[in-house]
């Protein structure tokens, strides 16, 4: 039992963090609402993140979900306007269904593959070479999708309803959805860290009643409540990633646990961060909402906290009407 | 629309409050753990409370549930070690099933009638002239019960499992249980008021870090959270009582609403009051636990908050598996 | 205690319901917090006024119906039940008007109330300043005595719909030697004059309804001072803790929202949420019962006092719970905007959620409200 | 990252599991917080020590097994999984011993540790005083310098199982000129001597395990001072924020409780509670993951720091949620005591609920823990 990222994993995470701190300040996130990003995606390609979990044979790094946790977390911290969840989730499936050429293009950023969420939508489907869907327990491929734009709360996440002929494959649908949920959970941890940091910084400098508001117990305890949820969610994300990589029998259960905790943590942190900011946090020109909206969106897109808890409940307690 | 108790109702409530303040201090509540009370019950008989909702023909006051709300609340505030819920609930049933003589004795305190909670127990059944039970939607009478003592958390509430032949009656079971739940809700409001008052008093006098602990925001906000729940529960109890007296179609729904709010308020207030007291509140020699245990007990005996909300949910949303 | 409605209350309800049924336009409505939407809403407000429904509890002399507070609650219930448009003039009729009724001169009431209710003159509140948010007494805006009135300078912020309004009301420091609550005066300021700059500020939902208002020597004639000079804090607080505490968000709003939530559940059922849906539905009705109790006391001459803070805590937290539940029911459709083809109910739940998030912030943060209740209701020592 | 257990960790787990399976007596056990029950538990503790399981992470020289912190967590998981008796000597082995390992002399460790783990000498903590509860630095008990040691006087309170113990440890003011954190010394006090009066105090659950201890010139030899004279605060805090923060309530306890809750659900199902049951079961496992992460860091030389406060907040709130849920499942049977014929699981859920209510109070109230996290982790300004 050794519950820590390796030095290499830390270094990749730090590299992504540093690169995004330079290349993806809040202004870049905001700009992506008007014009879809290409630069940040290119940067992530250059850093190897887009091909992180593709085989080396197609230009990937040949790494796994544990290695992806910190890059995903950092992309979340920066609210990078990139559909990284979809890329990390679909990469192993591309390899499995024999789309090696496409995979190679994904690694370099030349091509993009997206995934339709169950009952929901596919991000950036208009820019995707392929849309994957899950039907039953298998992955299907939609090569010529009919798309309907579905504008949503996070203007940098461009959603589309997807219809069209589905070409069946043998690839495992549950594993694909688990990777997506887990990748979203990692991003939610990063988003939460940033929202909390913004609120803490604001609480230290904003003065009312002759003192920084961060000196008031009510404000302090709001922030501690958020910290508590984020701190205890983060290790479960790493743990779930380890189970996914190890292919254990409980991998999917671990993903459900991590995702529910990360989604709850992000929702609570968004709310507490807004409350601590007060009205300024409620404006469009202040940046907090960019992170909040991403958090709202990601915490529901791949199954919300309750949906994942229902999976755990089914496992523990049997089917609801049993 | 006139949402206020009458002056007379207030006066009865004040009289009960004053009488119990004298005759039922915490020491009397505590003593009832060792030796069942008779004195406080006599006092309530003298005040007319035991026959409050019995017909004048049998020595009662001929009043209704709205009139009973404040006496019940005050008995709760004092944690009076008297099975008043059972008396107020069963009185109208006694009249309905032709037990006039017994009813007359109940009004004077000479006799006592108890009620078995659904799936649960009957308080003071060993001292009861009659045990009522609800089977299906009707009231049944157990005249020769076999009793098994079931010691429970509140040492002044002596519970018994009841078995024996059930003599059916035509009296409405739902109405009987609604009166019981509502009477418990009124007591829970009173119990909450007292626990909150104890905690507020303690917070004003207990000093730590060079200041009364009630000056700290965290303590203040705990107490405000409890107050909020109690304040908004109380009017729903009065409202439900009005619907019961008026015999409206939504009376049972109103009882469910009031009971769920009162039970939640009492649970929260118990927890906050204990937290504000700290270790002293956790001792047997300090009085708070006498009120907390009554609150725990009453908030579950006649259906807990969730059970009553489930009734509301069934009404609003249809049956669960519909 | 009589919780049935009198024949006249029932008749009033029936009349309101019938008028609303006949006149409320079919939705969805444009947002009243955009310039175009505001103009649409003003037309609705004018129609409401013409029919005598704009401010039912006001004296008929000012365009009201002399309705009791009970009747006002009934009207609100019917208004929200009918799904009628949000009141864009509410910051006038519900926040400024009560102050005028209590502290205004006859001249002020004559001059101001009817055009306010008729949606001819539009009012925005101007309580906050950059350094006076939760700490409302930390007002920096000043008013300097000049012939016939005052010259006001400073910056007011978070003025809701301020960019579409004609005038604001708020506190100004008239005695430069004072600090905090003392030396403030309650004034109304015409925005259509030199020395006034209005900067719209977008909200996080994209609506542009906030405004920052910069004042640089704008003129306030003496007749636009409410109450005594230097006594503005008392004027502001008296009405905060009187009717305003009641009128900001009446129970009708939450009765309607939770009823619509039940309807949403029927279309998007999820058994795991039954308990929580019952809970918010019950809480909305508890808020109604509490309010009828409060209003009965007020009609007997009682005040609302710090109960207005308890009210605000209750409805703001209830509103957030309600909308969170709605989004939980909607799942993948929760995040869609109104122009998404798959949006449910024109995205009203998402918009309502965003607005509900502001509830614990505006009109005094919930932290400040808890402080007020601790001090004034529980009599706890100040921290 | 490797979340599988090494062969030696697996072997250790297997050995612990086998021994516990063979030796844990069938329940229910008497409460360790009554005098009779305590005596029963001491016999169990002696058996545990004889088999080398009393303090597995200690050096073998003191009766331990030199087990790693990971192995200790594994042992705890197995111990609670087996439903073995609560550890009545935990305030010695988990709270005092870490202090001795960090600050004690060789003589102290030689003399004190083995009899402690062997349940021959029984230790109670004595942190609180009537005026020093949450405000732990407000110690009034004094120690006066005398030949060869100190004479201690004052009142210590809430000493868990103090009425059954032989000695206490706590802080005493050795420098009368000082206030608050300065001038305190960490001392161990033998209770079997003149000048010591122990008054048992019943808890709300009826157990008599609290004690108030009145000291009136009791003698503390120099050898029973831990760390430097006047440096007691530093000694107490260093261990609070090191291993003690980890050991007070290890994850194994909550893993076992939530697993038993799942079993209770199967016997008393209620679909409306599925979501909340899954939630606490998940949280217990999150606490486990967090702890393995913390321990990995500690084994690499890191400290636990203010994380001990986050730990305490997490497990204490989780424990209360878990037991509240259990009572919700039990309905009318929830309130029954162990001697009620209808009691479920010997009333362990009610007793556990009562004990869980104390969780946010003992070992530093959760309000104080939140203050600590705000100051030390979030670096927020002090209020």
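Worth pointing out:
The chains carry the letters A, B, C and D, assigned in the order they are written, with residues numbered from 1 in each.
Here is the rule we go by: a residue touches a chain if its C-beta (ideal position, glycine included) is under 8 Å from a C-beta of that chain, and two chains touch if they have at least 3 such contacts.
The structure presented is a predicted model; accordingly, all values stated were derived computationally and were not measured.
The minimal number of chain-to-chain contact steps leading from chain A to chain B is 1. Across the two interfaces under comparison, A-D and A-C, the one joined by more C-beta contacts turns out to be A-D. Taking the mean of the C-alpha atoms as each chain's centre, chain B and chain D sit 38 Å apart. Shared interface positions of chain A, defined as residues touching 2 or more other chains, are 216-219, 221, 306, 310, 320-321. Shown for chain C are the residues in touch with two or more other chains, namely 271-272, 274-275, 367, 370, 383. If each chain is drawn as a node and touching chains are joined, the picture has every node linked to every other. Across the interface of their complex, chain B is touched by residues 216-218, 221, 321 of chain A.
If you check the complex, the residues on chain D that touch chain C are 271-272, 274-275. By the touch criterion given at the top, residues 1-6, 9, 66, 200, 203-204, 211-212, 214-217, 219-221, 223-225, 227-228, 231-233, 235-236, 238-239, 242-243, 246, 257, 260-261, 306, 309-310, 312-313, 316-318, 320-321 of chain B touch chain C in their complex. In the complex of the two chains, the chain C residues touching chain A come out as 128, 131, 133-135, 138, 157-158, 201-204, 206, 210, 271-273, 327-328, 331-337, 339-343, 350, 357-358, 360-362, 365-367, 370, 383. In the complex of the two chains, the chain B residues touching chain D come out as 117-121, 148-154, 159, 161, 207-209, 213, 216-219, 271, 274-275, 278-279, 281-285, 289, 292-293, 296-297, 300-301, 304, 306-307, 310, 320.
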